[in-house]
Every structure is written in structure tokens, then in C-alpha cells.
């Protein structure tokens, strides 16, 4: 039984003459891991920003778990259960790792300290919990970024390049964590350039090109699709061709 | 009719004033575009220019006009040397670079004002001139002081020269490229340090030149800078931050507003209205009334 | 770090800074020292201490919005002045005692800061800085025009026994004002400590400063939190403004609403160390002494201005994290050299 958790309908975002997201209709099923790919400038991060309230869409709607969240402020969307990370994983400065976790606005009923400890243990960074967060390695920062989102206990997490710039061993660990979270029921949508990473983890892939949602399917289906090849070959980033 | 005459005289006075404000405003707007910094010292360059006029003019036969080219060159050089400092504090991995840049120019302004106050005392001084002591009859509208007319003419001429440099020369193109996108300009091989310094130097020179003329019209005082900082802010807020053509209009609007409120409303309200307008304009239209400024 | 034996002063200081109970001890000892201090000082030095206390509190209040929240309030002094005038108006026009005036000033400025904060805090960066600056200048001009503030004549406060409204206080003297400032300042420091260093609220404030988008995406309502910080910091400035006005008994818009009030708060917080508890304390004492001593020994009150300007520039250039940063070892000799090298590179203009 699949049930749509996050649905956009004709989502459009323009910047002056540029249409960054052009009527994107896309549904993510509860419990799946969805990859979101596309050449540079195809509107992936804009799509995340429109979904999570950082941009107000010009047209179209976003529905999460049956609730219309179009145009909501981003902190409300986060509290509703849609978490996200950013491409650049910068911890909040002058704070320890644990304080970074405690900064997250959790519901009053939650024991934040207990939850922070659990998550830090889960991510294997509890040994540096009370160290200054700015001293962490790049990979640890990515883990902290993920950890902070988990404090919200979100049903759905949008990840913007979760393993970019991380050494392969730690990248594998991050993927392992994502799989485990997925097994526990968390839904993911992941922007990722590394096709090897994507292949290992996603159930389905959506492809954006020039702001439009052109293809959706399994990794194999998408990687052999002519439109996808054309989208990538048509752009300057030849090295990013899937497969 | 007397009142019509007063009105037309006020309008012409306002237009004449606007000419010199524009020269202050364009440089300021350019620096905002290039360095992405609001320079709190802008009014102090006006003050320094006026003081240069008051101090140097007696040495050159009591002719303030002769100080003008000197002021431009001197403050161009001052600006060229100051720019790297501002560039330095707003880049690199220091915390809160924007804050650091603003606070730095704030400190610079305090330093300039305080130094002049300490060295020359609080009194205002005249900037003498013999060449421009008469009046000019303008087509049946009345007689206007020569100094104001010349000031406006010089204002317009320097604006034209400035625009020519910016849009018709290699250096100007480089500066505009930096204002557009510093990183791309760097990739195109533009010497960022050099052209930022030139831009800041031109701005400092223009503003100080404007200061000499403002000193000729009114006088020079160590505390006068604040008012012109406010004027500069008003102009770029009205035009939209970083939007150059809008400055020409907002400079003229400012000159007119100042001349008309002084005549019809009374002096004490002018500043309240001015600061109030800056505040309200920023709240309702941060992108500027006249065009598309960039919103940070 | 080495072994126990070769701990340097800096290491010891860092260790001390890191311990919560040490903070409490430090605060307690400081409070006791301050409480007995006026008995050891002459009236002259009590006045100096009183002024230093006030400026520590004011710098800390600016540090809340500017240092912790990262919003450059260039008009913070407006609340110092409005607090002074509201206290005065309540005492003169309504003939109520000082305590009532101060309370009303606090409430008035809370409302004012809320109303001003809603639209103004939507701006950020340079826009916020200019807007607050213009707001403060407009307030000053308004105070010069209005009749109720005394306009350009200024306002004289009632003095003498009974005007304070505090039981057992006769004629409010230096001692009274010293302890008043002490209570306000210690209160401000304690509030800043618990609010910004010891609560989730403070973590959220810093999160907004460092990465507002990321903070929002973690469920943090940045608008609301910024507004709270703004209101709290403005009310504190207003309380100091009211207390100071009653102390100096005569206020004028060109004094209590002067831009130099804001300048001083900023440079004190900056010199000491932005976004820290200790910063405004260190910066407040240093700058206030510089101010007093420069007029005392140089016999010249204006030389303080270029000095403070120079100090701002040097601090921004070489020690952006302030004295606290130097003590923490963030600004060593190597950093200064590196800084100079990078600066020299920017002089490559030919």
C-alpha cells in the first residue's frame, strides 16, 4: 500500500524573467527514498526552498500528509514534520555539538536532552557532544546537520547533497544511518550528484530539467531514459551524466 | 506676484542644490555596489572637503575655487589608501563580516569628525571666494548667487565626467563588473583590489569636492558631516540601494525638498521629516521608490 | 595544552571560563566586592565606578541584540533617551516618584520597541542598521521639537527627599545611585547569562545569528525570537536612561539622545568581545576609563572621539573577537601577522 505523504501540484517559482520551477507536480510516497536529480541550475534547491517555505511559490500548492502547507512560514513547516538540511553544513558557532542539537525547537512535551543524547548516540557522535561544534570535521558536520533535523522527529526529510565533500567511509556511514531511519519509517527526498551513492539508496528518482519535472521512475528506468540523457548532455556538465 | 516669485526662486535654489547632492550620491551609491558596504563616513568626507577649503583657500589668495582640484586629488588618494582596509575587514573568515564593515566605517567617521574637532575646535569657518561673490540674473526669475549657480554647473559636469568614466572606459567597465558580481569579475581577470580602490578613491574625491562647494555656499564646521551622511542615505534609500540613475532624481528631489521645507515649513522640522522618511521608506520599500535596487 | 605543571595563565583562564560553578562564584565575588566598594572609595571614585557600572549594563544591552542576535542596532541609544524623558515626564508632569517613572518608562519602551521591532526586524544587514540609525535620529529631532520634552530647553528633574519613592531613602546621594546602578547592572548581567548562555532560548538566538535559514528550518520562529531579544535589550537601555537622568537631574535631547551613546555601547561590546558575557564588562570598564581619564589628564574632552574611532578600527582589523578573543587565544601574534599579510595583499593596486 503506498500513500502519498508529500505532494506538489503545479508548483511554480519565478525570479523575474527566469522560471526556476515550472509547474512541478510530484508526489513522494510515505516510507520511500526519493532521489532528485538534474543538471546544475535545473531548480532542485529552488524546489526544496519552495517546499519548505523559504520561497513563496507563485503558483501551485504543496500538500503534506493531507494538509495544505503552501505559503506557510518555514518554521511552521518544520514543526509540521518536514525537515531539511542545507548543502553547506555549517554548525551554529560558539556552541557545543549538544547545544546545536538543543537549539532545535521541539514540541514542549519532548525531553530535549534525552532526545539529543539518543540521536547523538545513534549517529556515533556522542563522544564529542560537549566539544565546540566549529572544530568538527566536514563529515561530522554533515552528521550534526542530520542530527539537528532528527530532533524535530520529522516524518519527511529533504536532504541537499548529504554526502558531498565527505570521505567515502563516512559517506557510507551516513547512508547506513539514512537506511536505518528509513526502515523506522522516515521518508526522504535527496538531492545528490553522485550517481553511485544514489543507486545504492533510492527507491525512485525524479529528474528536473530547466525547472520542469521531466521524468520519474526507478534508477534503472531513469538512467536509460533519452530525455534524461538529453537534459544532461544538453548542459555544460558532461561529467554529470548518469551511469 | 510675490508668492509665485518666491516659489520659483525656491525651486531654482533647490535644483541648484540638487546638482551638488547628486555628486555626493553617485559616488556613495557606486561604493555600495562595489564594496557592498554602507559607508558611514560619507558625510565626513563632505566635512573634510569643506574644511580643506576653509584652511587652504587663505593660502592660495583667498580663493576657494582653487582648492577644488586639490581636494579631488588629495581625497582620491586618501580613498585609494582607505579602501583596502574596508575590503579587508569585510572579507576573509572573520565573524559577521557585514557588521565588521559597518562598524569599521562608523569608527572611521568618528575618527575623522573627532580629529577635526580636536585640532580645529568646534567653530565654523568660512570658505572664502572672490571670483564668485556676485549674483547671476536668470531670465526674469530673479538673481541667484554666483556660487550656487557655479556649484550646480560643476555638479552636473562632474556627474557627466563620472558617468563617462563609468560607462565609456575600460576602468569604468571593470568597476561595473565588480559591482555586478565580484567573483565573476575576478574570474574575468579584473584586478579587484585596484578597481575597488579607484572606485572608492573617486567617491572620496567627488564627495570632498562636493564638500568644498557646500563650504562655499554655507560654511565648514566639524559637526556638519552627520547631516550629509543622512542626505546620502536618503538619496540611496529613495533611489534603491546601488541603483545609480535613480540617484540623479533623488538628489534633485532632496535639493528641492530642502529648499521648499526651509522656506515654507521652517527649519526645525526638516530633519525630523528627513530621518522619518528614511526610516519609513526603508520599511515600506527597501528596494527603493525609483527603481530596482538589490535587496540583501 | 600541556601537563598540569606547565599550565599558562591563558590555559587557567580558559579552564575557569569553561566551568559553570566558576561563573557563579565569579558573579558572587564580584557582587560582594561591588557592594563594599563605595566604602573604600572617595566620592569622586564612587562616581567613576557608578558610571562604569552603567556603561557595562548599556554595553551588555546592546550586546544582546547586536552581539548575540547579530542585528546591528545603530539606534539603540534612542531607548536610553526615551527612557530618560519618559521617567522625567512622569515625575514632572504627573508628580509621581522616580520608581514609578522608571517602571512606566520600562513599560513604555517595551511597547515602543515591540511596535518598532515588528516592521524593522524584517530588514537585515545594512538595511536594519540604516533604519535604526534613522529612527534614533528622528526621535532626537522629535524630542527637540516637542513641548513635553522641554524641546531645546531640556528638562529638569525634581530632586530632594521623597522624590525617589523608595522607602528609607532620604536625599538621593551618590551612594543611592551607586547601588541603583549596581542592582540594574548585576541584574542585566545575570539576565544575559541565563538567557543567552544557559537556555535553549540563547542557543536559538545564536542559531539565528549564524544561519537564519537553517534555524527556521529547525522549527525556530526567528521573527518572534528576534523581537523578544530586541524588546528586552531596549527596555534595559531605557531603565538605565531613566536612572541616569534622575542622577544627573538635567537632560537635553542633544545629550541623552546623542549618537555617541550608541557609538559607545557598540565599541564597548566590540572591544570586549561580541556575543559574550565578559566582553561588555571588560569593554565597558576600559572605554569608560579611557573616556574619563582622557578628559582628566589631557584636559581635553574631544580627543576622546578620535581615540575611540581609532580603537574601533584597530579592533575590527586585528581583534574582531575582542579582548575575550585574545584571552581565549583566538588572536595570537601569528594571527595578527597573517592579518597584516592579507591586508598588504589588498594594497596590490597598481
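Going in written order, the chains are labelled A, B and C, and every chain counts its residues from 1.
Following the convention adopted for this analysis, contacts are C-beta pairs under 8 Å (C-beta built on N, C-alpha and C of every residue); 3 or more make two chains touch, one makes a residue touch a chain.
Predicted model, so just to flag it, every value in this text is computed and none were measured.
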* Touch-based graph of the chains, sorted into line, ring, star, complete or other -> line
* Considering only C-beta pairs in contact, identify the chain pair with the most of them. => B-C
* Using CA atom means as chain centres, which chain is nearest the centre of all the protein shown? -> C
* Using mean Cα positions as chain centres, tell me which chain lies farthest from subunit B. => A
* Structure fact -> subunit A to subunit C, mean C-alpha position gap in Å, rounds to 41
* **Averaged-CA centre spacing for the pair subunit B and subunit A, given as whole angstrom** => 48
* Cα centroid separation between subunit B and subunit C, in whole Å? -> 32
* In subunit B, which residues are in touch with two or more of the other chains? -> 95
* To do: Would you mind listing the residues of subunit C that make contact with two or more other chains?
  => none
* Asked: Hey, what residues on subunit A touch two or more of the other chains?
  -> 93
* Residue ranges of subunit B touching subunit C (in the complex, touch as defined) -> 37-38, 80, 84-85, 87-89, 92, 94-96, 98-100, 102-104, 106-115, 117-118, 122, 191, 193-194, 197-198, 226, 230, 233, 237, 241, 268-269, 271-272, 275-276, 278-279, 282-283, 286, 295-296
* What part of subunit C is in contact with subunit B in the complex they form? -> 66, 70, 72, 74, 119-120, 122-127, 129-131, 133-135, 137-138, 141-142, 144-145, 209, 259, 263, 266-267, 270, 274, 300, 302-313, 316-317, 320-321, 342-343, 345-350
* Along subunit A, where are the residues that touch subunit C in the complex? -> 52-54, 73-75, 78-79, 83-86, 90, 92-95, 99-100, 102-106, 112, 148-149, 151-152
* Structure fact -> Listed in rising order, subunit C residues that touch subunit A in their complex are 200, 203-204, 206-207, 210-211, 213-223, 275
